[in-house]
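Once you scroll down, you'll see the structures, which are given as structure tokens.
Consider the two complexes below, in which subunit A is the common component and subunit B and subunit C are the respective partners.
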Partner chain A sequence: MAKGKAAAAPPSGGGSDAPAGGFVQLLTPDGEHVGSVTTADGTTYSVDFTDEEYRGLYRDLVTVRRLDAEATALQRQGELGLWASLLGQEAAQVGSGRALRTQDMAFPTYREHGVLYCRGIDPIMPFGLFRGVDQGGWDANEHKFNSYTIVIGSQTLHATGYAMGVTMDGKTGSPDGEAVIAYFGDGATSQGEVNEAFVWSGVFNAPIVFFCQNNQYAISEPLERQTRIPLYRRAAGYGFPGIRIDGNDVLASYAVTRAALDNARNGQGPTLIEAYTYRMGAHTSSDDPTRYRIASEVESWKAKDPIARVKAFLTKQKLADDTFFGEVDEDARKLALDLRERVLAMPDPQPVTMFDHVYPNGSPELDEQRKAFTEYHASFEGSGH
Partner chain B sequence: MSRIKEFNLPDLGEGLTEGEILTWLVKVGDTIELNQPIVEVETAKAAVEIPAKWAGVVTRIFHEAGVTVEVGKPIIAIDTDPGAGDLPVPSAESLAAVQVAPAEGAVEPGMLGSPAPMANRTPVLVGYGVREGSARRRPRVGTTSAPAPAAAPAPVAPAPAVPPAAPVRSGPVLAKPPVRKLARDLGVDLATIVGSGPLGSVTREDVQRKAAEGAEKPAVAPAAAFDGARERRVPVKGVRKLTAENMVASAFTAPHVTEFLTVDVTRSMKALEKLRGRRDFADLRISPLLLVAKAVLLAVRRHPMVNSSWSATTNEIVVKEYVNLGIAAATERGLIVPNIKDAGRLSLRELAEALDELVRTAKSGKTPPADMAHGTLSITNVGVFGVDTGTPILPPGESAILAFGAIRPTPWVHKGKIKVRQVTTLGLSFDHRIIDGELGSKFLRDIGEFLTDPEAAILAWT
Partner chain C sequence: MAETITLGKALNHGLRRALENDPKVVIMGEDVGKLGGVFRITDGLQKDFGEDRVIDTPLAEAGIVGTAVGLAIRGYRPVCEIQFDGFVFPAYNQIVAQVAKMFYRSKGKVRVPIVIRIPYGGGIGAVEHHSESPEAYFAHTPGLKVVTCSNPADAHTMIQQAIASDDPIVFFEPKRRYWEKGEVDLEAPVSGAFPLHSARVVRPGTDATLLAYGPMVRVALDAAAAAAEDGRNLEVVDLRSLSPVDYPVLVESVKRTGRAVVVHEAPGNIGLGAELAARITEECFYSLEAPVLRVTGYDIPYPAARSEEEYLPDLDRLLDAVDRSFGW
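Now for the complex of A and B:
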């Protein structure tokens, strides 16, 4: 076991499925629980879940995948304009999402449906955006979950600014402090914004965790076109620790994110977590991954499925049986059907609502425009509804 | 209370207008579940499986595999309550759906329900744009109410008591997929059959009867058939379809003018020989096309306005300061017009290399889409087919295209005497919105001047 050069050293652990340099893995693809992993810098990662909590994680993973599948179907049926599926990335999202504490603030991309779910938010919240019936706005403070961000990487700067604000508000430096997490993908690491966010967070010791889901492709562009070194090692250049985890291992995702968030809330600054995972589906519903990925690669990742390993673990440890698994599937199915019905019932927006959020309290000119627009629309047949 | 629900082809990828049915995964009569994959559809972006929107029994499949369907048109009908017994009435709605749209032109432009004027301004955030005329405007309150059902489906006789004299049909033919296959196998055109099945649909027996008639007929009048039996139907897709769309778009937007010029290119041919003899050109395959390309590039410098495009959206003429020179190439896939980017900046040797590369790539069918985009002016070398000239149609977005004919030894008045000279004919089509006869003539004349005496033209112009 070689000694690492920096605080960002790879862990000693990581099974045969680990990429060169290793990663933190607590649950192998076969469902073996490693117990704990100590990295070369001496940090030990482990989880202390109750049986009920292990079962809860399984339920989260299955539910999140089932809701995502329903959304994909709705898009294919013409009910959503677009959908960005999280298939394959459930563990990275559920693990990190469950590691967040109530006071923590999350900045998602457009794919963090699993994190949203784990924050206890009604899963229908982002569907207005994808169905095109609203602008995808919600009260970020109420949910401690920022708007879905389409522009690649820009949310990392928003998160950095927010995190610097948390420090200025004096909310860091204690075990009950507030931490911030910014999600992004491997492609975003090539963006200027992400690099600026790293610089500012590092220099100002912002209480932030950069959570990169490296799903190997920036749409069609493979990882080797983003970087010559493992992404987590970039953190060293910005002066904060970086660590790679098995992104398909919900336990590693939870343990490492929780530790990084605690460091942040205690005033010890940022961490970059690279969750090494794979997008099993298309980038979005407008993409055809068979044009740039070979089938054997997808097959090899199927063997590392994030849900199958938790199921194997629960079965081996006799923490759950087929009755439980059947119930979880059935509950997820019901939630998905309920989601479908509510999505189909979402009302179309009235054109006049476009004036609603231009200024906080309106303006005389805007009021006039709204009035003229309303009258114009009323002059057509079928405008009454 | 409709039990039969029709599923329309959705926009599967942000602004697509059509999709091709690849494979049906279900057939009429199948009981299907919610979200069960029913069909595979290929769009310009991806091949995807569509899951069923409702559980039920498939009652109708509107298009066979291989058919390209517009977004918004029905592809499958599902009985969502099959346990409730027979269907109430032969559902006219299932027929209507295919034909509801009133014929284009049935309404005056700008009037009720007609295509909204300036359809090209329909907002599109992403994707491939909209089909022209697809935007419809709702009628104004207080104007005459729309003639609602009048424009609806042409009635299809359920079981015609008197068979019509000539089987003329306005809508699509109704027939089950196996019957369609049978008809195709037997070489019978469904449109020529009066159906005896429910709702006037064509049955297996109808097809067999028609096929039998066809088989007997030749004995009576062997040469009199001018119908489907002696016609071949080639599906329009791929490059052929694109070419057709581009040509129609161009021919009906840009008013074309074509001018001709016959020139003595003997000196050009001699110059070409000299070039071939040079060491720095020895490894290149060069043809008269090289000098024609050079002539066009130099003439563009003298008349930049010909290298421009008409922007209807901004009401401007966009004059390009770069020449992406298109060369029309006949390939196995069909006609393509790849272009040489920034050809005006290339030396003669670089131009020769680029031409050679372009032609070879096109012949091998490997021309990438980027090579075909952003052309500014084109040449079509019809001479290689042994013809003298043509009236080319402009590639959309371009304002001039030169046809270059065969070079033939021809009796020609040279220095006051009739001599045998190498002669060719040039044909230049241009967009009269931008280029008037004077400019077009000067441009063509300069190309001719260069080809008549390339050395003098280069000395005089550069």
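Now for the complex of A and C:
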């Protein structure tokens, strides 16, 4: 497809790597910058980055991949109970994460480590959960980033309710309004609760963007087991726009998410974005993807790598050289090392703290159990047990 | 100023006061707005407080509770109405996996002060799913508190206390008592009122303790009145809070009377009564003259309406259990 004429995506945009029906793509796997894309509804998507901002996106992508690799290694070394890798989904997460404005609120699943990083949050924040020292333990409002939610799809309703609250607070209808983004995957689109979130967002015109990372698999089950039509087309049935993007293209992810968030904050209601991507790794560290997908499929997606295309673009446009790429790698390595050291230094919780934070107002029954627990353990002191 | 009003009207007035006192309180549910709820508990509230404060929701229970979680994270205090007991299960995931765990998950940094109102219990001749008593499912869930009122005055106070509490609370309303009248002080301040999670001795007695809650308190009081004619002086305790249970009040009573009979509409198997019997036995073992007995619904799905009188614990079954206790 000729540069600058990616046109009408969907239904027919994107390069030769696009799925049937097309998608919005601004940066091809070869690193060609398309310039702008106009979709069938007449919306034109483009980005307006400075050279420094392009380099910044590259740095984000490399960093979140490197931190993710460190986490995978920590899990394999027995230092994390579990890890849900984002490998392959860096562009979807960095693009949408950087599209958020400070006042926006994100509702993640348990895989949005890249979004978390782009919110400016210390990447160690979710490691308590994966190491097993707590269940997350962060303040959603302080970070504008809700708790990781493990039951599939439940957070889309939380995001919808929060977005209703934004409207009730009078925080929509202007360029400095607030918007909400709800992350979920292809598997979650089968959940009743996700469909309820679509219904509610539609009828209440909630300022929300539903960002579906279609990574092609729900653990072992392929997309065909979740849907008969492309996921973005579901939005039509709920009465709001749906759009598919190349989820491995950080520029498309940024441009389309930024536009959808701004529509939401301006009072134009919800949008469903389907980021068409691929989970390069396992579902989690407990999964073995060789049982359900073939190596050639994984290889074909390697050719669409979200980082390689940005590197190719920066190189071709002479926006960066090997010195820069080397620096980014080295900085990411240092961050990963620092993360590792801090994860290893995380103290195990005192067992009695398991009784904390069950109820804001406490419970006399729990007070009794905590006391009995403490006395029981104290009874072993000095006994050699 | 005390007025004689129905339990339903007392709830309505309590909700009105909650809406007046805190702009963050919102009511949400199916038909709660224009219609005022199928039992009219929210009658007139949307008219006076607007569609943003009293929200007619789409017909989806998981959506009601799930969006309430998001509103609560945003700083609101949602009061959700589930239309009937048997319709709560689509919301069960959100209640048990999200509402109950958000405070714990966030190490106390995120509060979700949600009240989930559920009309429960039988006795109104309804079709399937409209007469159930699912309280044990929620009382079993750490992170939730569960309460139920038995009379208009308590309904008026307890609904306001539940809304003001930062704990997530499942609030069971005895639907067949909605139309029963009692004296309510509509102006009484909630602060300093009888505590939400305290049990109350509603009839003092000396010979045996009847433990009841919600719709069964009236049955227990009637049984105690009938027993008095036979010379038995029964104490009746209204549990009010099902999680946590106010055990000190129960234990004090049973230690004094030496006998306890628990009554509830829900099936007996793994019900509240089983837990109460176990705890009372542990704490009152040397004071008991007889085992703790239970009078409950049978372990069957709630039967068709024309059989419900035989299913529901009534005065005769309760007195029969009292007789068995004395005959032990």
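Please note the rule applied: the second predicted complex is superposed on the first by the 363 of 385 C-alpha atoms of A that agree within 3 Å, B and C clash if a C-alpha of one lies under 4 Å from a C-alpha of the other, contacts with A are read in each partner's own complex, and residues count from 1 in each chain.
The rule is simple: a contact is a pair of C-beta atoms (placed from the backbone, for glycine too) under 8 Å apart; a residue touches a chain by one contact, two chains touch by 3 or more.
A quick note: this is a predicted structure, and the numbers were derived from the prediction, not measured.
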When subunit B and subunit C are modelled together on subunit A, clash or fit: fit
Contacts of A:A140 with subunit B and subunit C, given as first, second, both or neither: second
Which of subunit B and subunit C A:A73 touches, first, second, both or neither: first
Which superposed partner A:P360 touches (first subunit B, second subunit C, both, neither): second
Touched subunit A residues, subunit B compared with subunit C: C
Touched partner set for A:S286, first subunit B, second subunit C, both or neither: first
Which of subunit B and subunit C A:F23 touches, first, second, both or neither: neither
Which superposed partner A:W200 touches (first subunit B, second subunit C, both, neither): second
Closest approach of subunit C to subunit B (Cα atoms, Å): 13
Common interface positions of subunit A, toward subunit B and toward subunit C: none
Complex contact set, residues of subunit A against subunit C: 107, 134-142, 146-147, 149, 151, 154, 156-166, 168-169, 192-193, 196-197, 199-200, 203, 356-361, 363-366
Touch list for subunit A against partner subunit B, complex: 70, 73, 75-79, 81-82, 282, 285-288, 290-291, 378-383
Parts of subunit B lying in touch with subunit A, wherever the complex brings them together: 7-14, 35, 45-51, 53, 138-141
In the complex, subunit C residues that touch subunit A: 26, 52, 57-58, 60, 62-63, 66-76, 78, 90, 93-94, 97-98, 101-111, 113, 142-143, 145, 165-167, 244-245, 247
